[in-house]
Amino acid sequence: MATITPPAAPEENPRVKAVFDDIRATRGTDFINNVWRYLAFDPALLESVWSEVKAVMATPSAIDPKTKEMIYVAVSIANGCGYCTHSHTAAAKAKGMTPEEHADLLRVVGTASRLNALLGAMDVPVDPAFQADG
Amino acid sequence: MATITPPAAPEENPRVKAVFDDIRATRGTDFINNVWRYLAFDPALLESVWSEVKAVMATPSAIDPKTKEMIYVAVSIANGCGYCTHSHTAAAKAKGMTPEEHADLLRVVGTASRLNALLGAMDVPVDPAFQADG
Amino acid sequence: MATITPPAAPEENPRVKAVFDDIRATRGTDFINNVWRYLAFDPALLESVWSEVKAVMATPSAIDPKTKEMIYVAVSIANGCGYCTHSHTAAAKAKGMTPEEHADLLRVVGTASRLNALLGAMDVPVDPAFQADG
Amino acid sequence: MATITPPAAPEENPRVKAVFDDIRATRGTDFINNVWRYLAFDPALLESVWSEVKAVMATPSAIDPKTKEMIYVAVSIANGCGYCTHSHTAAAKAKGMTPEEHADLLRVVGTASRLNALLGAMDVPVDPAFQADG
Amino acid sequence: MATITPPAAPEENPRVKAVFDDIRATRGTDFINNVWRYLAFDPALLESVWSEVKAVMATPSAIDPKTKEMIYVAVSIANGCGYCTHSHTAAAKAKGMTPEEHADLLRVVGTASRLNALLGAMDVPVDPAFQADG
Amino acid sequence: MATITPPAAPEENPRVKAVFDDIRATRGTDFINNVWRYLAFDPALLESVWSEVKAVMATPSAIDPKTKEMIYVAVSIANGCGYCTHSHTAAAKAKGMTPEEHADLLRVVGTASRLNALLGAMDVPVDPAFQADG
């Protein structure tokens, strides 16, 4: 299953090997999951994607790593990406998301989706108080 | 602009007044934003929606209130609900979201959306390690 | 507002005039709403779209006309098309949708959207009983 | 396949058993489909979701039960929820949806989706006549 | 897997046989892929869909056939249709899409999706210069 | 209208000025459209986004610039981003998209969206012939 043929021996390509090595070092594990194995069909795309994911998800920033994974899961659910929902739910758990937080995340995602639909149905004008640019 | 005619004097209906009173008490403000004014066209729907929003967003739970608002914003962006993005961005700011956290939220939402698309494009099989039900 | 420049005098083009005449005759009104005025920028596309809309929405079929408009509204909400939600909500009302049915429609759309999100979040396997092809 | 580990013996939890009993009584069948078995990982979420689904889908209201299932299917298709499309197509059939109505439902969903895209492409202004709030 | 039971011997229906014959003649192959085998459950819907696909995708027009397939893939990714992404990626390859073009297509789709999300997050007003209707 | 307050004098920030200068040089115009003016609220995000857009859209690659803009438009329509649809339709026109190509683009986007919905409705299994990874 896939629209892409992943390379059989991706690390024979030195650009792919460099990315895989950086993934392993950044994450502290030998496990390279499928998204990277398939993206290896185009080393430049692999580099660009990993570079962005590393900068956004694996670099200290204003939001803590566990919460960033939970936000990532929320977006992936709304966008209907099954792979992403699976991989980042696993990442959130690995970073400490408890079953109670997981249930709470689903609660917020479900409620937001219901309200998103109701607002789309009614097409309510945005209150002036919510406009940040005056 | 709207597909619904909001009642001109919604609080003449005692069921609507009870919900509006609870919104004001729960939020500690007199401001009733448009979503509630339009939902008032059907008091039963208004009660059901407010009851869920109060239980999920305004009741202490595993995730803190500011983070819940940020997750709500992430879902609303992905679902394309402009009203919801505006109202819950304002709510997140009111609950302490800093400009740095706001920028970080956008960063995660943007990167997740890019990856969601790439995974949909390749249709990569989910790694067995990500399956929670064995 | 638009990415298309609608023709200033669309009915000077005989293909556009023929479609507009058929819209007026089919609907029993002189009102031509904006979607047709903008689609007139390309008469062949206008003909193709009107032909399909007429066959599906304005021709007797297994589902009654009012219900078809309500299904159309449900899809348009989920797809985030504000114009379509407005125009087909108006059409459903014109075909007899009551305020109670409108509220009920929103209730179903909101609940389905909440469940759609929760199922995407959990990625639950489809029960074999639901498979129609054995 | 799933991001959630469903409880092995869900009905040992009395809150889950109460919901499952109500599902069986409401639907007149012993069959509990997977969505409820997985939601049982969090009894409070299970209760909240079933309570809403029962109130909206299994309680007499302005729209008849079969039509509500068909609207639910339409939303689920547009939101890309495979599980929901399967389960509510089965429910619609159980409530009397004929093959002709099923084909007609697909016809409306397909045409609406085509038009939703075309309107998004052109970004046509909403006709004033379609505005319900003056 | 499917919500539809495809006919076991679809070509016993002369309307289905006529469409299948036209698919084979238009494409120069005996292969009839699953979408047509399942749509055959309703010959009128099959005819309508094939007629549109033939007119849009298999008839010479302003955009060349390979590019039309790539645009079709882009839409299918964004709409989350796995089947469509697979079948039209295969069609694009059959019409000459190189691995470099495939990677470039994914690059554009990924970047557009990231920006689509960021613009939705910020809800930036459209510049007057981009309005085609004055 | 916006959830972000754009800086009043963005180019007083040297990082923002450097990006704006590069946009002007790359595009050969003094016009800086709103997306960049709003993204300037966070110079690091602005740099990251422009860097990716420049690399993907303004750097010679396997697909020609006009076609990349048209693919970008297709994705933006499907994702419901009005701003993006407007700005990249304008960009495609600036790079030579004719009215006939514009109409053809809409035709493909509309047809793909109709089929995307129908496939989601039927949940047809992917033909083995379309699997690229064996």
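Just a few scattered comments:
By written order: A, B, C, D, E and F. Residues from 1 in each chain.
Everything that follows uses one rule, which is that a contact is a pair of C-beta atoms (placed from the backbone, for glycine too) under 8 Å apart; a residue touches a chain by one contact, two chains touch by 3 or more.
Bear in mind the structure is a predicted one, so any value in this text is a computation, not a measurement.
In terms of the stated touch criterion, the partners common to chain C and chain D are A, B, E, F, listed by label.
For chain D, the chain with the farthest CA centroid is F. Just to note, of A-B and B-D, the chains joined by more C-beta pairs in contact are A-B. Shared residue numbers account for under half of those found at the interface formed by chain B and chain C, and the copies are therefore classed as meeting with different residues.
Work out the mean CA point of chain C and of chain E, and you get 21 Å between them.
Chain A and chain D have Cα centroids lying 27 Å from one another. Within chain F, residues 1-4, 38, 48-49, 52, 75, 77-82, 85-86, 89-90, 103, 105-107, 109-118, 120-123, 126, 130-132 each touch two or more of the remaining chains. Chain contact topology: the protein chains form a complete graph, every chain touching every other one.
By the touch criterion stated above, chain A contacts chain E in their complex at residues 3-4, 41-42, 44-45, 48-49, 75, 79-81. Those residues of chain E that touch chain C in the complex are listed here as 1-6, 48, 52, 55, 126, 130-134. The part of chain D that touches chain C in the complex is made up of residues 1-4, 31, 33-35, 38-39, 49, 52-53, 56-57, 61-63, 67-68, 70-72, 74-84, 86-90, 98, 100-101, 103-105, 107-109, 111-127, 129-132. Those residues of chain C lying in contact with chain A across their complex are 73, 77-78, 80, 82, 85-86, 105-106, 109-118, 120-123. Against chain B, in their complex, chain C makes its touches with residues 80, 85-86, 89-90, 99, 102-103, 106-107, 110, 117.
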